[in-house]
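Structures incoming, each one as structure tokens.
Look at the two complexes coming up: chain A is in both, with chain B in one and chain C in the other.
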Partner chain A sequence: MSLFIEIIVSLLLLFGAIFLLGGAVGIIRFPDTYCRMHALGKGTTMGIICFMLAITIYFVWSGIGLCMQSILSLVFIAVSAPIGSHMIAKAAYHYGIPLWKGSVRDDLKEDCEFIREDNADF
Partner chain B sequence: MLVIILLTLLLACVWVGLTGEFSVATFVVGLLLGFIIIRMFGERTLKVLNLNIRHILPLIELVFIFLYELLIANLTVLAKVFSPKLNIKPGIIKVPVEVEGPFWITTLANMITLTPGTLTVEVSPDNKYFYVHCLNIDNEDSIVSDIKDTFEKKIQEVYRP
Partner chain C sequence: MSIMESLFGEAADNQFLQNLHVLPVFLDIAMVICCFNLLCYLYRVVKGPALADRAVAMDSCGVTVMSLIVIYSIRQGTNLYMSCALVIAILGFIGMVGLSKYIQSGNIVDTGNIVLNLEEAEYLKDKENAEAGEELQRKAEEARQKTAENIVDVVKRQQNQQDRDNN
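Moving on, here comes the complex of A and B:
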């Protein structure tokens, strides 16, 4: 039984590390801000979820007790990470950072002025 | 009323979790804090959420769909990141949405961000359209139908039971 749990914890740690590595490599390899946000938002969320699950399982099994802080941080990160990447992409677009030259289309361009005027009211 | 009691209990559980002490005293303190917080901020939040006791089971189902889609999204992005030739065709497309209410629009935007290869960049002022940045827009129809069929339908099921 203990071997089984050790294997699960190790696998979770390994996959978490792979996801975080993927996020980091994506930031370097992808060509512009918006594509980088794809790698950043998803990779880090999943990596941290895997780590926190591993921590929770390990602490419960080794008799230290249920570590509620890790579960709570897991929930809060899963809820707030996509909002972060969404806000960075939005701020970058309104700041005027161009899309990568290989981008195929941009539907936001024609409506951008309209949205900016609307936001100025707040 | 039942929703308020459940929310107070949830806040008490969060408080117990944050302090890390499992005792009756901390739970009572959490209940007290939850009661005060709900009295101070609850009315406005509950009006925005418009939650009902019937919403709770579909909400839990939604959380599991969210986690599953997160896993799939990660695997596809990982495959793109580590593929030797970077074959991406990024672009921003306009997606019509039919979800009502600020909370559900936020939820849908978050879920779109976590689906494979899509990222919400902007919401139109009248809340009718999302501007979604896609990593690969070879077939735009499949992206739009994906958002429409899986997430929008589920969210509509939650707030319109």
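Moving on, here comes the complex of A and C:
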């Protein structure tokens, strides 16, 4: 049983590190600002969730006790990291950073045109 | 005996971790991968063409530092460092929100004319029209008063001239 929990903690650490590595490879290899944000938003969120689960299980298992800070930071990162990534992407779009030339679809442009038509009087 | 254990001498005090055999190896692997991630993010921070790239890369640096804190706190066998991870998470989110406002509008606290919704915009427009209408009415009343005074003056002058003529 002890070896089982140890393997679970080790695999959670490894999965977290691999998710973070996926984000890092994405931020180097992807051609576009929005693609990079896409890679980083998923990778960092999932990686830090795995890390925090691992350290929570480890602290309970090793007799230190239930660590509330790790659970709090798990919930907070899981809520706030996608929100922050979305806000940065929207701000970059309204700032005028161009899309990659291979992008096939841009739904936000039509919505922005509707908004501009509505606000044209003011 | 793992590789990093010789670098961090305090880890020898952790009796619980010394009895394990699988976890120290994975701790080393995860630590090496996280350091490589930090190098990748720093490359994007230095090279990134847009400000948004740098902002997201620095936020991810914070997340990777959180994971390094997790590894280090497992190695030390204490949960005192987890408060630092929580603080880094909160500060990273606040920094992301502030940077997004800065990228979008050029300043963080916007005190200009913000059109929140259409109803409020129409209300502001009607209010401006009403104020403009009040100003026009006031000017018209002033003009009327002035013309009336002028008319009164002209009538007085004519009366005076008639009196002089009669005399």
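We take it that the second predicted complex is superposed on the first by the 110 of 122 C-alpha atoms of A that agree within 3 Å, B and C clash if a C-alpha of one lies under 4 Å from a C-alpha of the other, contacts with A are read in each partner's own complex, and residues count from 1 in each chain.
In the analysis below, a contact is a pair of C-beta atoms (placed from the backbone, for glycine too) under 8 Å apart; a residue touches a chain by one contact, two chains touch by 3 or more.
Bear in mind that the values here come from a model prediction, so they are computed numbers and not experimental data.
J.: Looking at A:Leu72, would you say it contacts chain B, chain C, both, or neither? Reply first, second, both or neither.
T.: Touch status of A:Leu72: both partners.
J.: Is A:Val9 in contact with chain B, with chain C, with both, or with neither (first, second, both, neither)?
T.: So A:Val9 only meets chain C here.
J.: For A:Lys90 in the superposed arrangement: first (chain B), second (chain C), both or neither?
T.: both
J.: Examine A:Met37 and indicate which partner it touches, taking first as chain B and second as chain C; both and neither are also allowed.
T.: both
J.: May I ask you to decide whether A:Met52 touches chain B, chain C, both, or neither, giving the answer as first, second, both or neither?
T.: second
J.: So chain A touches chain B in one structure and chain C in the other; where do those two contact lists coincide?
T.: Shared contact residues on chain A: 18, 25, 37, 43, 67, 69, 72, 83, 85, 89-90, 118-119.
J.: Across the complex, what residues on chain C touch chain A?
T.: 16, 20, 22-23, 25-27, 29-30, 33-34, 36-37, 40-41, 43-44, 49-50, 52-53, 55-57, 59-60, 63-64, 66-67, 70-71, 73-74, 77-79, 82-83, 85-86, 89-90, 92-93, 96-97, 99-101, 103-104, 115, 118, 121, 125
J.: Report the residues of chain A in contact with chain B in the complex, numbered from low to high.
T.: Within the complex, chain A contacts chain B at residues 18-19, 22, 25-26, 29-32, 34-35, 37-39, 41-43, 45-46, 49, 66-69, 71-72, 78-79, 82-83, 85-86, 89-90, 93, 99-100, 102-108, 111, 114-115, 118-119.
J.: Under the stated contact criterion, what part of chain B meets chain A in this complex?
T.: Residues 14, 16-18, 20, 22, 66-67, 70-71, 73-74, 77-78, 80-82, 86, 88-94, 106, 109-110, 113-114, 117, 119-122, 124-125, 131, 133, 135, 137.
J.: State the interface residues of chain A toward chain C in the complex, per the touch definition above.
T.: Against chain C, chain A makes touches at 3, 6-7, 9-11, 13-14, 16-18, 20-21, 23-25, 27-28, 33, 36-37, 40, 43-44, 47-48, 51-52, 54-55, 58-59, 62-65, 67, 69-70, 72-73, 76-77, 80-81, 83-85, 87-92, 94-95, 97, 118-119, 121-122.
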